[in-house]
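Chain IDs A, B and C follow the sequence of writing; residue 1 opens each chain.
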Amino acid sequence: MAKIPVKGFFKDRKIPLWFTIVWVIAFSIALKVLDQSVIAFMGVLFSIIFVYYTDSPKWMRLVLGGAILLLIIPLVAGENRYYMEVASQVGIYVAMALGLNIVVGFAGLLDLGYVAFFAAGAYAYGIFATSQANNFIEGNLFPLSGEWFWPFLLVGLLVAALFGILLGLPVLRVKGDYLAIVTLGFGEIIRIVFNNLDKPVNITNGPQGLTPIASPELFGFALNKPFYFYFIVLFCIALIVLANVRFEHSRLGRAWIAIREDELAAQSMGISLLHTKLAAFATGASFAGVVGVIFAAKQTFIDPTSFTLMESFSILVMVILGGMGSIPGVVLGAAFVTVLQVQLLKEFSNFLHSLQAAGVINLPSQLDPSKFQRLIFGLLLVLVALFRPNGLIPAKRNKNDIDAIKNSPYAREKLGILSRSASEK
Amino acid sequence: MAILEANGLTKRFGGLVANEDVTVKIEDGSITAVIGPNGAGKTTFFNMITGFYEPDEGDILFDGKSIKGLRPDKIAGRGITRTFQNIRLFKQMTALENVMVGVHSRLSAGILGILFNLKRVRQEEERSRVEAYQLLEYVGIADVANEAAGSLPYGIQRRLEIARALATNPKIILLDEPAAGMNPRETVEMTDFIRKLRNELGLTIILIEHDMKLVMGLSEYIHVLDYGRKIAEGTPDEIRNNQRVIEAYLGKSTSEAS
Amino acid sequence: MLSMLPQVLIDGLTLGFMYAVVALGYTMVYGILEFINFAHGEIFMVGAFVGTEVLLITDSLGALEGMNPFVAFLITLIISMAITGLLGITIERVAYRPLRNAPRLVPLISAIGVSFLLQDLVRFTEAIARNAFILNGPQLFTGKFDLGFAQIPSKSIVIIVIAIAMMVGLSLFISKSKWGIAMRAVSQDQSTASLMTINVDKVIMLTFLIGSSLGGATGVLFAQNYGSIDPFIGFILGMKAFTAAVLGGIGNIKGAMFGGVVIGLVESLAGAYMGQLTNGAFGAEYKDVIAFSILILVLLFKPEGLFGEAVKEKV
């Protein structure tokens, strides 16, 4: 039996298939048996990464990953509301981070107000799926029923994309580092506006927020448990990953990376900076908008405190930690940071509280680890910048199949400028 | 016939005049050099032609039409492209992808086309991949197609930058010190290569270069800048014997300078 | 409604001069490294905490009682400037210098990280020391000057005078001293400056030292003006100070002063009158929106700032 090569374990995709399978089975059983075990849950989540690095053909890895996400997790943990809740939360952040990855990772635009687009999507659904819209639309038509959730996924996408274009048009003309400050400012403006738009006309209900937001319905069946949201989020992530992958090696993706690497050179290659940046901004925004609709439906309550600067920074940390422009990296970064926030810190905090209750230590409430967020984000950002600027899983460009190029039907004649040499000779 | 005409170009930065009343005509299919001592305003001139600086005065005609005030990407689209003095490749991309970026403006794939992976988009991609690979072959570096551009040796990066510029299918290519940092053998290779570009592809070539051997051996016409003004133009032989040019390079005697 | 005006203007000016001094820190660093030192707002915040702690400790020792308030204030300022100056150098050395040749985004990310780190470190320190992170420090200047139509708090005058003194001092230093001239040289062309045997690293260190200590001093002024401080005061204030720097033309000291005063006044006026002017539709809560909108408008229509053209030299 093959032994596990420790060196290059991750780098060269050398994890043996049997190891991954044993791992998955072991932690699935643990997850089934133990209630609210962070370790078991982390173990299953991590198995996705092992699958990614397993020494098997691509189709095999896809089947394995799909089986874990679509069969094993729902079967083993589907009954457990807690696990499903965490899993959908992780999923929501993964989806958002993948959206921001297009803006920050591919196009190199440091957007510190990304959560504004998330808010736009969430409010788009929230306003019409509660009685809120009656305040400014006559006829007592609202709240809309949960059937409307599905078309609103598209509405959220369009609203956020429109937001992205409207914000982007002025903002993206701004050069370099200024963009970070300006987007930060815009993020704050949006939050302040949502917080105060209960007058003169009550559109957002201000700081009170919106509730109860209708749960999605499918053929009259209410999808109101974390179990269902798990699948909705998963489906959404699948689409966003697919979009990321397609963009990455497309005309647009290359243009994004080109302006990230060198704006001047990109321009002299005929790339329009504004159009290309707008495309990145709008695409990233539209993903956040879709996720916003899902978030609003899942929480059934939203208010401006869900859309603070810290949220924008959390998502940024996920992208940077995972690896800017690296799709698997960003997924890992998002999963890690979310689990850290919602799980590990809370566990650690509970542990310290139990010590305190037992009189072992004296813990000022400000030192509660659940409030460590800024410290940890700060440390992560500085350490990653200093020691691993490309993140946990650095992005790498695909190698093209040279033989396929040589055998392409297009290779029979000289293309582009070289066709001149053929005609002149 | 003149393919490019710069008429009375002036560019100021604050109090500094980088180019003053520079008038240059470039013949279609010629190899022209722009020379001058350090700080003479050669790169500023290139930057105005390619749209990175907008001239304060004067006009630029390309094929008889004004391109003054157009953005660099528009000018690239019209058929004027360039390389940079301090090579500016997209370092994290592979060599092949760098060249594919050059094909960008001749492709049409939009957001939706890419998302739905339409047949048209797939064909366009394949075609541009082939074109990029042909260009790498043409400049003689096809064997590094899949290497990251930033990791390539200097001489290969120079060639890659030219291949990338060729991918925009230009009529004019501006080369900013193409032989900088090269040893004599590499310089000779580069000279032959530039001549081949003109002869085989019918390109008009404008280059800035300090290596006088290369300039004199390669170019058919030379413009000389000094302190932002054009002080001479002519064939290599004329320039070689021009008193003002010699002064500009060797420095004037103190009495004349005051 | 107009009876409030003098008070509103005084508040605006006081705030504006504080923005102006903090803006100097951004402008100096940006002038040399073309890098937004995100953590500068937090250095200001640390300055406020150091100053307040100095006063609280002195007070608890019973020493503040008999002391001349100006002496106490000066000592506080000096201690706070020394500590924040050192902090600035340390941050530069540890978190920015190794990244000087890294891609553009990386140092910015590091700066954002430092910013968060400082916020929580201060919060933890205060939580351990005082079991609270909102501090109320002793007020040294409580008097008021009565001008008949308005009363000017003496602290406002102290703050404005000190802020102006710091800015004048910095201007003189940069235009007259050997190191000031070296700073200007480095900001114009680093490689040429280093050929002229200017030690670029040292100049950058000096820039951080001066910028940070000025920021720290402003923190002390802030604490005196508002009485209460928390670890999060630096972030938004820093952004507004940066707006001031951009408005005045980045790299320009007079511009920063002007920009700071404009932002301070606009904010103060908006806070006081916006509700009345719009019949309650949009109230004081939109004052931050106005400051950020100014930033965006300036960057769009006059990115070199109001004074960017007039003075070519960068700090």
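In this section, a contact is a pair of C-beta atoms (placed from the backbone, for glycine too) under 8 Å apart; a residue touches a chain by one contact, two chains touch by 3 or more.
Keep in mind it's a predicted model, so treat the numbers as computed, not measured.
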Chain closest to the middle, measuring from C-alpha centroids that were averaged per chain: A
Distance-maximising chain from chain C - centres being C-alpha averages: B
Chain centre separation (chain A, chain C; CA means) in Å: 35
Cα-centroid distance, chain A relative to chain B, in whole angstrom: 42
Distance between the centres, which are taken as Cα means, of chain C and chain B, whole angstrom: 46
Residues of chain A defined as touching chain C within the complex: 104, 108, 110, 170-171, 173-178, 180-182, 184-186, 188-189, 192-193, 195-196, 199-200, 309, 313, 316, 320, 324, 364-367, 372, 374-375, 377-386, 389
Chain C - residues contacting chain A, complex: 34-36, 95, 98-99, 102-110, 112-121, 123-124, 126-128, 131-133, 235-236, 239, 242-243, 246, 280-283, 285-286, 288-289, 292-293, 295-296, 299-300, 303
Residues of chain A defined as touching chain B within the complex: 243, 246-247, 250-255, 257-258, 261-262, 264-273, 279, 282-283, 395, 397, 399-400, 402, 405-406, 408, 410-411, 414-418, 420-421, 424-425
Residues of chain B that touch chain A when the two form their complex: 50-52, 71-73, 76-77, 81-82, 84, 88-94, 96-97, 100-107, 109-111, 114-115, 117, 121, 124-131, 133-135, 138, 145-146, 148, 164-170, 200-202
